[in-house]
Structure formats: structure tokens, C-alpha cells
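Comments concern the structure below.
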Amino acid sequence: MTRNSQESTTGWMMTIPALAVVGTFSLYPALDSFLLSLHRIYLGLPTIGQPYIGLQNYTMLMQDPVAQQAFLVTFGFVLLSTTLEVLLGLSIALVIHETFSGRGWVRAAILIPWAIPTVVASQMWRFIFNDQYGLANLLLFGDQVSNYVPWLASPTWAFLAIVAADVWKTASFAGLLILAGLQVIPDELYDAARLDGATAWQRFRHITLPLIKPALLIALLFRTIDAFRVFDLVFVMTQGGPGDATQVIQFYGYKTLFTEGQMGYGASISIAVFLTLLLLSVLYVRTIGTTLFQREPA
Amino acid sequence: MKKPFLECSLLHVGIILSVIISLVPFFWFIITSLKSQTAVEAIPPTWWPNGNLDAYRSALLDHQLLNYMMNSVIVAGSTTIIALLLAIPAAYALARVRMKGKSLILGGLLSMSMFPQIVIAGPVWEILKHIGGLNTHWGLVLPYLTLTLPLAIWILATFFKELPRELEDAARVDGCTLWQTMSKVMAPLAAPGIFTAAILTFIYAWNEFFFALLILTDPEQQTLPVGIALFQGEFTMPWGELAAASVLATLPLVLVVLLFQRGIISGLSAGAIKG
Amino acid sequence: MAKLDLHHIQKQFGSTRVLQDISLSVSDGAFIVLLGPSGCGKSTLLRIIAGLDVQTAGSVLIDGKPIDHVAPRDRDMAMVFQQYALYPHLTVRENLAFGLTMRKEPATVIQTRIKEAVDLLEIHPLLDRLPKELSGGQRQRVAMGRAIVRKPKLFLFDEPLSNLDARLRGTMRIELQKLHKRLGITMVYVTHDQIEAMTLGETIVIMDHGNILQVGSSEEIYRQPNTPFVAGFIGHPPMNLLEGNVTTDQQTCYFHTGNLRITLPIHSCPPTLTSAVLGIRPEDIHLTSSETPEITISGTVECIENLGADLFMYVLAQEQRIVLRTAPGQHKQPGEAITIHVPRNRLHLFIDGQRIERNQTP
């Protein structure tokens, strides 16, 4: 008995330093954010103190058109980019799952966008969409300089440019997650299907797709959570502009907190982001859970 | 068996397209970085660089690129080392030691890795202000630890779980304490996992921007991503220098990826699928 | 050198009881084998002795002192594992030295101990190799060597030969016996293989469902099995176990099942009809009559298995299948009528799962 508890004491001693760091800089701040969101705090106006105002910040948030716009932009961004990323990731996974000579190099090449700092990737794409020196204009219009489009100055194009940069940067990551799902499908299944006379498309449709569904959902979950937190791309490429066309919620929250110093209201925005993410994760995990469960009897 | 022609050519088109799309933006920056100032600002842009290294010289000398790199090495390096020192024992205990509530902790860690940065940003900034961590490297390392530990612990725990239990029993009968069992037997066997966790932690810390921007306002202390995001010239945007700086900032990572793609791929899928 | 005592050991995993109430005494220098089918709790018992698992109740004593609160590393026992558990990142030499290094033995001691073990096991050429470069038999030797260098109070073996092929297993059995004689260290050996148990163990402990059924020498266990389970578990082909009833007609005691009726050589019989199991070893059945008091059963030959040195004959007698073991050269054909003879003193009778001796009142 005592030896069991001795062992678990040592176990806790091994775990606690890590937990303490995570607790102090993740768990506590998250809880503190919630408390802050119930107060009115202006960093620039220390004289007003930090009065408790209940849920006023949240009612303010509900009526804040800029916040609504930011949520809308974020949802649009998440929807478009994750869909494209998972589709593209699936193709990437199918390609690098095949055996061919030089596969190691191809895999490394595909991993490079994932490894590049997002800030660097953002600058690359900002330059590609540059109105005068950009590759996009050069490829589309060559030397017909008069046709050159100032992409990042147009609300729609700027939004799509950010989506493009995000898809480029992270499709390979989605691809890796899906690849892991592909790798656990036994080759015998494909051999059996071949003998049964299934075409390549039928094999993909009836074997590959159902069996990688969990991996697809996991890729979707990871990408959604990450896309929801988009910040670097917007900061570098558009600063939220033109107008508020690309102002995503984390960027708006950042501005409210640290540019305007509204620590209370900013906290309520961040809690709203957190709750939305939580809701999305729960929904996804439930779907993943049920699909995994459904697969079990087979 | 030979693949049918259509399937085969589809595969090749897929490979070539993936590689081109992955590399073109990077190549465009390399080309730009090798142009002279006037060539960069030519309209329409030129396809070929004129092999001018001015941009690199200027990035290194006028834009303190070396300083940014140094800061990044310090921050990412110490984050990686400390994170691993904390994560290895924690992952081992969570994977192997009989403890109550460890699945709860593993689940909690996973959900914490999903927190949006913004939700902890305000209070973290307040804490650091309080303890004098703003504009210091260790002040940045602290939040980086909290952001990288969950994934590192998950990857390592997956590795530890797969090691044969008999080895652990043998070590204990041979006279090892729990700590010795971990450090002398289990950790060396989990070396591939530790290596993967180290690479992923390093890449994360090297690339992180949000907290770096928040915590480091003094240009002397700033890391590469902040330096590159806030890159400015006197009058116009110095694209050539920016491209040169970006290429230099990315090269270490490209090397890491080329050398270790296998470990990275397996580590990422371990963190996701088995988690 | 140590005497090992187990006092009322119980072990529960959740709601399943793996060990009911195990008490056992192992004298200093003994070689004891825990034998039983998989899932009988023998490995759990061994792990409890080693301290790797903690019992739910009861106590483990070494030389009369309880060691329940002593960590495995301080118990001074060495264990040889089923998969050998060689540290894959260490060479053979480092593997051998590991336990001694952990105990901070001086380098000279480690050197001599390794030399002794290496000489004993003849593994000198392997010293600088890694475990993955060894064959199964070599790994087995190194695992043994790692235990030997420790000079522990107690040697524990957890099915150490089960991953070797049949021939190698035979050699290792002989080596193990020699090793025990040479070192004189108390050994506890777990196996599910009755041949290993019969050849190695001075004392065999038969376990089933978390209970000890019988403790004894291989001779005792073979000649006088305590329960029908032990009777059926030891011996090949297994003992014939006929289920039926015992009854009496004032003078004689009968066992009958179906139309088969056998006079029993016991002195007193249960007064009423009692269900019982009658056991007959295949090698105790003869095809010819002898001088000793015997029973005869008639039946037909069902089939014959010729193994070269032995011949197994399956006989159907009154709807009961009886197997007998005899020397080859019997020219019987399946379907042929046959009479078999069993000396009365070779019958085993079990009532309520317990053995009944001839002069014993059930």
C-alpha cells in the first residue's frame, strides 16, 4: 500500500514542475481573463480604478458592430481556408503516400511551407500580391502594367489573399495528419478490392475515404482551431484593412487590449473567442467520437 | 505491378504541382533577395536576379539581422532545453506511473493547447510586468514553455507508452529508483521521441510571433519574426533586404526539415492521431 | 541465500481476484516451480515476490522478516524475464554491469563478477555486442548472466524458456539445473510447461484460479495428485478421468458410470450414492492380465496413434473413451473388440474434488 503511494508521490513530483508552468501561464491567465472581463479597466485611465460591472462588457460586445464584423470575417476565413486545406491536404497525402524515387525530397519540399515562420510566409505573400512588383500580377498580366491589380487594397482580394497564404502555409500539415490515417490502411484491402474488380476511383471511394474519415475529422479539428486563432498573417499582410475587411477576431482583440488598453472589454472578447472555440471543439470531438464508435463493430 | 498510364501520370502531375506550389513563393523571395535595389523596383518585375548581394549585406549590417537571429537562438534554444527537461519526467510519469487522475491531466493539457493566445495574453502580460519579465528573453521563454509543453508531453508520453514494460521491471529489480529507471533506461530508449519533440518545440519557438510582439518592444531584444514583421526602410519598403532577411531566417528551418523530415512527420502524427 | 515465506497473499485487480489466499514456504537453497495454466496467477505471484506488484492483503517474508514495504530495488532479488528485457541501448557488458552499477559496487567487484558469469555461461565473445545482434539463445544466456552477477538472495524466473525452440529449451533446462547446484541460491521459477516443471523443480507448486492445489515433488504430484485438476494437468496423454457415482452393497464399493461398473479397493465407502471422479493413468492400463488384483473393462478400439517409442490407443468402453499408452507392436485394428486390465492399486478416486486414499474414509 505505502509503496504504491510512494511511487505515485514520485510520479507527481515528476509531473508537477511542468504542470506548475502550464498552470501559471495558461490556466491561471485564462481564469483571470474571465475575471477581468467582468470589470471596466482602461490602462490609460488608472484613476477610474477597476470597477466590477458584471456582464456589461458582454452586452457591449453583442452590440459592437466592429466585433460582429470581426467574428463574421473570422468565420468566413475559417470556413474557406479549412475546407481548402483539408481538400488540398488529402491530395498531398495521397501523393506522398505513394512510393516513388525521391519521395524523401518531395516530402521535405512539401514540409517547407509548414516550417517557415508564419511572419516570413506572410511577407512572401504580401510581396507576391504587391501591386507593382508582385508575382501575381507578373504571372497574370506580364508586362501590361496598366492591368496590374492592387490586390491588398481591395476588400475581397485582400481577404482571399490571406486565405491563399494560410492554405499554402498549412495544407501540408493537414496532409501529414491525413497521411497518418492512410498509413494504417492495410495493403491487403486494396489487393482484395482489385481482385473484386474495383477501379482506382472505386477503391478510393469505398476503401480509402471511409477509412480515413477519422483522420480527416482530426485534420479538420486541428485546422479549425488554428485558423480561428489567425493573427500573424493579418498583422503583416493587411493590418486588418482595407477598412475592416480582414480584421479577424484575434487581431481585433489584440488591438482592443494592447493598442487601446481596454483590458476589461478586451478580456470579454478573448473569452468569447475561447467559448466559440470550445463549442466548435466539442462539436467536432463528438462527431469524431461517434464515427470512431460506429467503426468499432466492423 | 505496373500502374496504369492514367494513374501514373496523375501521380506525377500531383507530385510536380505540390512541389512547385510549395516552393515557388520561397524561390520568388530568393530571386528577389539576389536583385539590386533598382531591379527589385522594376515594373514589370524581372524574372532573373542579377546576382547582387547588396540586400544581404544591408540586411545583416543595417537591419541588425544578426542581432535578431541571436535573440531567436537564445529564446528558441532555452525554450527547447527547459521544455524537454520539464516534459520528459512529466510524460514518463503520465505514461507509466500508477497515479490517480492522470488521464484527466493529459486531457487537460490537450485542451490547453487549444486555447487561443488572446485569452491568456492580457494576464500573462500583467504577470510579466509584475515580475519584470517584459522586454527580457526569459519573460518570453515562460509563455513559450506553457505553449509548447502540452504537445511535447503528448509526443513523449506516446513514445513512453510503447516501450516494453519488462524493461522497466528489469530496471527496478536491478536496483533503479523511479528517477533512475526514467533517466537510465526509459529516456535513452525514447530518444527518437525526445528528438522529435525537441525539433517541434524549437520550430514553434523560432516561429512564434504573437507573444514576441507583445512582450519584446525593445528592438535590441526582439526575435526574428518580430524583426521581419516590423521590417521598415526609411522611405520605401525595402523588399530586397526583407527578402534577404527572410531567406536567412528560414534557411536553418529548411535544413532541419531536409534532415529530419521523417522524424517530424512521425512526431506530428503521433501527437494528433494517437492523441 | 534466503528462506522465502508467503503468508495469505491475496491480489485483486479491480473486482477480479487473481490470487485467493496463497501461503507457501520455500526453504533456503530450494528450486521451486510454480506451474499452472495461463491466467492461474503464477506470474502475478512472482511479481509480488519481486515487489513489482503490490498484494491486496498478506505478507512476503524473507528469512522471517516481512519485506512488503521494501521497494523492488532493495529486495536483492534478480529476475529473468520472458522477453529477456535486455536494455537495447547497452552492450552485453553494460547490461551485465547495470544492476551492480546501480548498487554502486566498486569497479573491481563488477569486473570479477562479470568474468565469473561470462565464464560460467560461456558468453565471452558476445560482451561488446548489442542485444539486437544476439540470437534468442544468446539473449537468454545474457539475461541469465545479468541475474547471476548480482549474487542475489533470490532468483526469479518468469517463463524464461518459452521463447526458445524445443531443442534449445532442452539444453537450457540442463544448464539451469547445473546452475542451481553450482550457485545454491533459492530459485522461484514460473512456467506453464509441465516438462520444464517436472525436470527442474525439486518442489512443484500447482496453481489454478489463484489457488495452490498441491505442493510436492514431481514424483508425489504424479503418483498422488490431490485433485482431478492436478491429475489431468500432469502427464501425457492426460489421465483418464471418468465421472460417475460411488455406491455400496454392504460388502463392496463400486464406481459406476453408465453401464460401466468398477469395484473399488477402498475400505469404507460413503453410505449413500455420491458423485465421484475415477482416474486411470494411460500407462497403468494393460492389454494382458497380470497376477495383481485388477479390474477388467471390455470395449472396442476407436483409433490408434503410433508415436514410434509409444503407442496411444483410444478405447470406447460403455460410451466412455479411455486412452491407454503401451509399447508399439500391438496389432489391433480400429473396430476390434478388446479387454483392458488395470491394477486396482493404480486407481485414483476423487470425491468432492479431493483424493481418497485406500484406507481413508471419505
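When the chains are written out, they are named A, B and C in that same order, and each has its own residue count from 1.
Heads up, the rule we're going with is that a residue touches a chain if its C-beta (ideal position, glycine included) is under 8 Å from a C-beta of that chain, and two chains touch if they have at least 3 such contacts.
As the structure is a prediction and not an experimental result, all values here were calculated from the model.
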Most central chain, judged by mean C-alpha position against the global CA mean: B
Chain whose Cα centroid lies at the greatest distance from that of chain B: C
Whole-Å gap between the CA centroids of chain A and chain C: 61
Where chain A and chain B are represented by their mean Cα positions, the distance between them in whole Å: 16
Inter-centroid spacing, chain C versus chain B (mean Cα positions, whole Å): 57
Chain C: positions in contact with at least two other chains: 51, 71
Multi-chain contact residues (two or more partners), chain B: 177
Two or more partner chains touched - positions in chain A: 4
Chain B to chain C touching residues, read off their complex: 164, 166-167, 169-177, 180, 184-185, 188-189, 191
Residues of chain B touching chain A in the complex: 4, 7, 11, 14-15, 18-19, 21-26, 28-29, 32, 40-45, 47, 86-87, 89-90, 92-94, 97-100, 102, 105, 109, 111-112, 114-127, 142-143, 145-147, 149-150, 153, 177-179, 182, 203, 206-207, 209-210, 213-214, 224-226, 228-229, 231, 239, 242-243, 246, 249-250, 253-254, 256-258, 261-262, 264-265, 268-269, 272-273
Partner chain B, residues of chain A touching it in the complex: 4, 7-8, 10-12, 14-15, 17-19, 21-22, 24-30, 32-33, 36, 91-92, 94-96, 98, 100, 104, 106-113, 115-125, 127-128, 130, 132-135, 137-138, 141-143, 145, 148, 168, 172-173, 176-177, 179-181, 183, 200, 215, 218-219, 222, 225, 228-229, 231-232, 235-236, 250, 253-254, 257-258, 263, 266-267, 269-271, 273-274, 277, 281
Partner chain B, residues of chain C touching it in the complex: 47, 50-52, 71-75, 77-79, 81-85, 87-89, 98-99, 102-103, 146, 150, 156
